[in-house]
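Okay, here's the structure, questions in a sec.
Chain lettering (A, B, C and D) follows the sequence in which the chains are written, and residue indices restart at 1 in each chain.
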Amino acid sequence: MPNPYIPYITKVKSIVSENKVNDIKTIELEFKNEEDYKKFDYVPGQFAEISLIGKGECPIGIASSPTEEGTIKFTIKKMGTVTSGFHNCEEGDIVGVRGPYGNGWPVEEMKGKNIVVIGGGFAFSTLRSLVIYLLDEKNRKDYGNITVIYGNRDPGEVLYQDILEEWKKRDDIKVVLTIDREAEGWTEEVGFVAPIVKKVGPSSDNAVAVICGPPIMIKTTIAVMEELNWGPEAILNSLEARMKCGIGKCGRCNIGNKFICTDGPVFSLAELKELPDEY
Amino acid sequence: MDQKILKKDQIGKLYNELVGEYDFYAPINKKGNIAFEKIENPEDIVLDYLNSKIPPKSVLFPQNEVLFEYTLDEKDVEITDRQDLEQKILIFGIRPCDAYSFELFANFFSFHGDWKDDIYLKKKENTTLIGIGCNTPRTTCFCTSVNGNPFKKDNMDVFLTDLGDTYLVEGISDKGKGMVQKLSWLSDASKDDLKKAEELAKIAEESITTKIDVDTVVKNLETCFEHPVWDEISESCIGCGSCAYFCPTCTCFDVIDETDHYNNRGRRIRIWDTCQSCLYTLETSGHNPRDTKIQRCRNRIMHKFSYYPTNYDLLGCVGCGRCVYVCPANNDLRVILDKINKIEEKEDEKVVA
Amino acid sequence: MTETILEEKKIDEKWEPKIIAFLCNWCSYAGADLAGVSRIQYPPNIRIVRVPCSGRVNPYFIIKSLVDGWDGVVVSGCHPGDCHYISGNLVARRRFAILKELLEFFGIEPGRVNFMWASAAEGERFAVLIRKVTKIVKELGPNTKFQKEWC
Amino acid sequence: MGIETDNKEIISSIRENAKWLLSENQVDVIIGYSEGTVPLSSTPIIIRKEEDVDKLIWNNLCYINLARYLAPLMPQLCDSEGNSLKIGIVAKGCVGRAVNLLAVEKQVNLDNIKMIGFNCNGIVNRSKIDLEIGEKEILDVSISGDDIIVKGHDWEKKFPYDQYINELCKVCQIKSPSATDANCVGECQELESIHDEFSDIAEFESKSADEKWAYIKDALQVCTLCYSCRQACPMCYCNLCFVDQNMPTWFGKTTQFTDIFTFHLIRAQHLAGRCVACGACSSVCPVGIDLNIITRKLEKIAKERFDYTSGLNAETIPPMMDFKMEDEEEFMLEED
């Protein structure tokens, strides 16, 4: 029986700063053993417990898509001891990875539907994973129209700019970018995410909405979506919590009788309404 | 015959026979606190005790447990798995409520599909329990209300009954029966002994007077999440978490890395944690889902009497009463459950009024 | 700094204590510097951590140093009245007084933790006191009371 | 005669004053002690209605320092806008000290607090009695005359009261709150300073370093780091305790002796000149560790070094928030 707390050993392949303030970096990891990578079979929206041996461990959503083979990526904001440690990593450093954990976005159930992806700020990482997965040649035909609405505070904070540029050039995906306040050189939308969603007015017909962002954005956006006749089953959310184990044992990520790590992190709005307001 | 007699002065003999094969854990008196520890000298064993202060969960789920060890090199890390999980463990003199708590642990740690806690489960598999009936339950005990009994033998391998000068020894599981047979020097029990054991069991069960209507608690908890009763319940709590530390069924833990800089080595360990600590759920962003004492107290009760039954169809409490007598503010669990039980009545009164 | 403390600790007659010194930037660090440029010799057992003021030295630093395996700690600041921040060393002095008394009360050898004043002009005094600290700690032997167990 | 009658008088004075405060609308709530559900205990209670004041008791087992509930303020003591209600607090001497010190440290506003003072007659040392009784269940504890009567199933034991109270209560000189009539009803006194020889810890202090270390090691080794002592302490109100800080992580949280020792050492450092000597930390300890000698040492340092006794009034600044040019510095290293 394997010990579930032992991480796979990976090496940092590359580390890229994502924004002008330099507090968000994307770290690309390469597995030391090829077999471990095969075992690490994930879907977009899942997370992993990544650790710097000697510093500690933290749960981070996987930013890469399973269709990007060979490596996995995590986008990390500098917040605490472990995340600061990741920011100081260099190429070749050892990182422990346990996972993948959680349920992830229900990509199978989403097949045949139009998909609206709404993201705010740095919570875009698992959405990046999802969109790349959907746009992959093998999968694109299974899904309907894809709309991405992505909001940030200012232009310097927009993540994954090169990928967003690529998406804009494609005709099978609609990308709407917005920032909170006007800024020099910004040609896209200006305003909070909720009013922009209202302006874009995605149809709820045969569609699924995926929302990820700060709590206040989620709250206001959901209100707008309900105005636009979206049902609670069609709105998907990804939650986060303090976690230590990722496998439903350490006990701290429960909302009512559900654990975010094993029953989540993706919950539909309908499911969330059943649960106590403790997240 | 499965029933044997062990004389009180033969415990040393029993210990000597078993200690070669097993890590022998038994209750000892540690500065006035009964705790289960690895026995070096059989004379330390205390069997004449009410119940251990520190629950025997500390044997299989110690307060600090190494998950794995590592050595750090310039650019490389080597991880060493636990090597000691195959060691056979024997827990001697455990009470029925605590033995039942091991079942709850095993159930919880093997839940969640693929993600089993194999460290615990492996140890549990290699553990033999020699339990002892509870002749004099405390007044704070309420095991009979939560599917228990001071002489419940289900979760034991071997069961002892204190008959005064001797112990009646019964093999319960196959493992236990085998063990009793191997101890061929035990004398056979007489009919009188069996009769006396039965009487003791009856007296003990009758002496537990605290009765809690747990079904109503479980039912009421389904609807009372926002009820003002929680304000009242958490009023005197000082938020220390003794209740969780001394609870035989509390499983929550924290994980930390400890590094020895001198020798470039370290270990990742888990330590007991408690949902009564405000840091328990504090996220790095500063957001805390359970920010107030009211929410934290509620979580503890809900976890044991609502989430546990919903998820596993079991109660998360074995009725040992430890949280009742260790609580510094005397925030008595029996009173809390009683308050929850009365919720419905109060609402009925309102309707009448 | 890490490399030096990573060395194996040897307990024999050749044993040399490792002492961590928290020196205030304005007086004691300059004093140590002066001792250096004046070629006054003092034992190489100390490792210097420069802090802005002796008032910056939290008791955590001192206790954590002992837990991390240092054999002795010395904190040095400006003489009372000379503090660059006017009263930092006076605040620190009360803190140290209490820490020193508590450590003694708990049975930790008083010589493990030492406090001194040395100004920027007192290179000689700095060297003399460091010699004294080294001698005290050497006589005490390795710091074992704070050591963790490693299997 | 004796403790029993004292207690009756105390109870009636507490109830009377509490009733008066509530009926005159001087306070919105009263924090006090009520009868515990298990022997050797009492439970803090919040009284809101006049008819409930009869739940208030005093029985020499009221070891919790009620000032604990004042900082940080609990939601139960706030109005709907989060402002503090007017609080009445049943105050023995050490509760009064804690309230004063919390006011100096700007944690509470004395305008919102009315103390119900009385002359405390000591707290029973629970762990000492527990230890002596051993593995027999205590069913009832009562005080008769000057004896503590402990009853079990088929046994009864008498303990002389003056020997079985907390060590701190034996040497306590501040039995009723040191306060003015403006914020106290009932017994109170205005103390300038107290005289204390600290002879009770002299013996321990004269031991050698190794003996002290052996004693401390033996006393603390059963600690489970449940932090009850910290949580029960009225002066430990930091919202992030040093043991919980993780940027950086200062000290470990395992039950290795190093971690236990550093926790108690640094906690003592933080309480120097602030400890109000209520003994709640020792009384609440689930494994019966006696921290009283540390408490006394902290008081001694404050008294002898800085001539300060905590919580005598709500103005004097505690020594660790202050400094003087002429402070003693005999411990500083000097050239020979």
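Note that in this section a contact is a pair of C-beta atoms (placed from the backbone, for glycine too) under 8 Å apart; a residue touches a chain by one contact, two chains touch by 3 or more.
What you see is a predicted model; the values in this text were computed from it and never measured.
A.B. asks: When the C-alpha atoms of subunit C and subunit D are each averaged to a single point, how far apart are the two points in Å?
C.D. replies: So the centre of subunit C lies 36 Å away from the centre of subunit D.
A.B. asks: Any idea how many Å lie between the Cα centroids of subunit A and subunit B?
C.D. replies: Going by mean C-alpha positions, subunit A sits 39 Å from subunit B.
A.B. asks: Return the distance between the CA-based centres of subunit A and subunit C, expressed in whole Å.
C.D. replies: 49
A.B. asks: Counting in whole Å, what is the centre-to-centre distance of subunit B and subunit D, each centre being its mean C-alpha position?
C.D. replies: The mean C-alpha positions of subunit B and subunit D differ by 32 Å.
A.B. asks: When you check subunit A against every other chain, which residues touch at least two of them?
C.D. replies: As it turns out, subunit A has residues touching two or more other chains at 80.
A.B. asks: Going by the touch rule set out above, which residues of subunit B reach two or more other chains?
C.D. replies: 254, 256, 258
A.B. asks: Taking each residue of subunit C in turn, which ones touch at least two of the other chains?
C.D. replies: Those would be 148.
A.B. asks: Chain touch graph shape: choose line, ring, star, complete or other and state it.
C.D. replies: Per interface graph, the chains form some other shape.
A.B. asks: Which pairs of chains touch each other?
C.D. replies: Going through each pair of chains, those in contact are A-B, A-D, B-C, B-D, C-D.
A.B. asks: In their shared complex, at which residues does subunit D touch subunit C?
C.D. replies: Subunit D residues touching subunit C: 205, 207, 209-216, 242, 250-252, 256, 258-259, 261-262, 265-266, 268-269, 272-273, 294, 297, 301, 305-306, 319-320, 322-325, 327-329, 331-336.
A.B. asks: For subunit C, which residues count as touching subunit B in their complex?
C.D. replies: 2, 5-9, 68-69, 148, 150
A.B. asks: Flag every residue of subunit C that touches subunit D in the complex, lowest number first.
C.D. replies: Residues 59-60, 63-64, 67, 74, 80-81, 87, 90-91, 93-110, 114-117, 125, 128-129, 132-133, 145-149 of subunit C touch subunit D in their complex.
A.B. asks: Quick one: in the complex, what on subunit A touches subunit B?
C.D. replies: 1-7, 9, 51, 53-58, 79-80, 83, 92-94, 96, 101, 215, 240-242, 244-245, 247-257, 259, 262, 276, 278-279
A.B. asks: What does subunit A use to touch subunit D in their complex?
C.D. replies: 80-81
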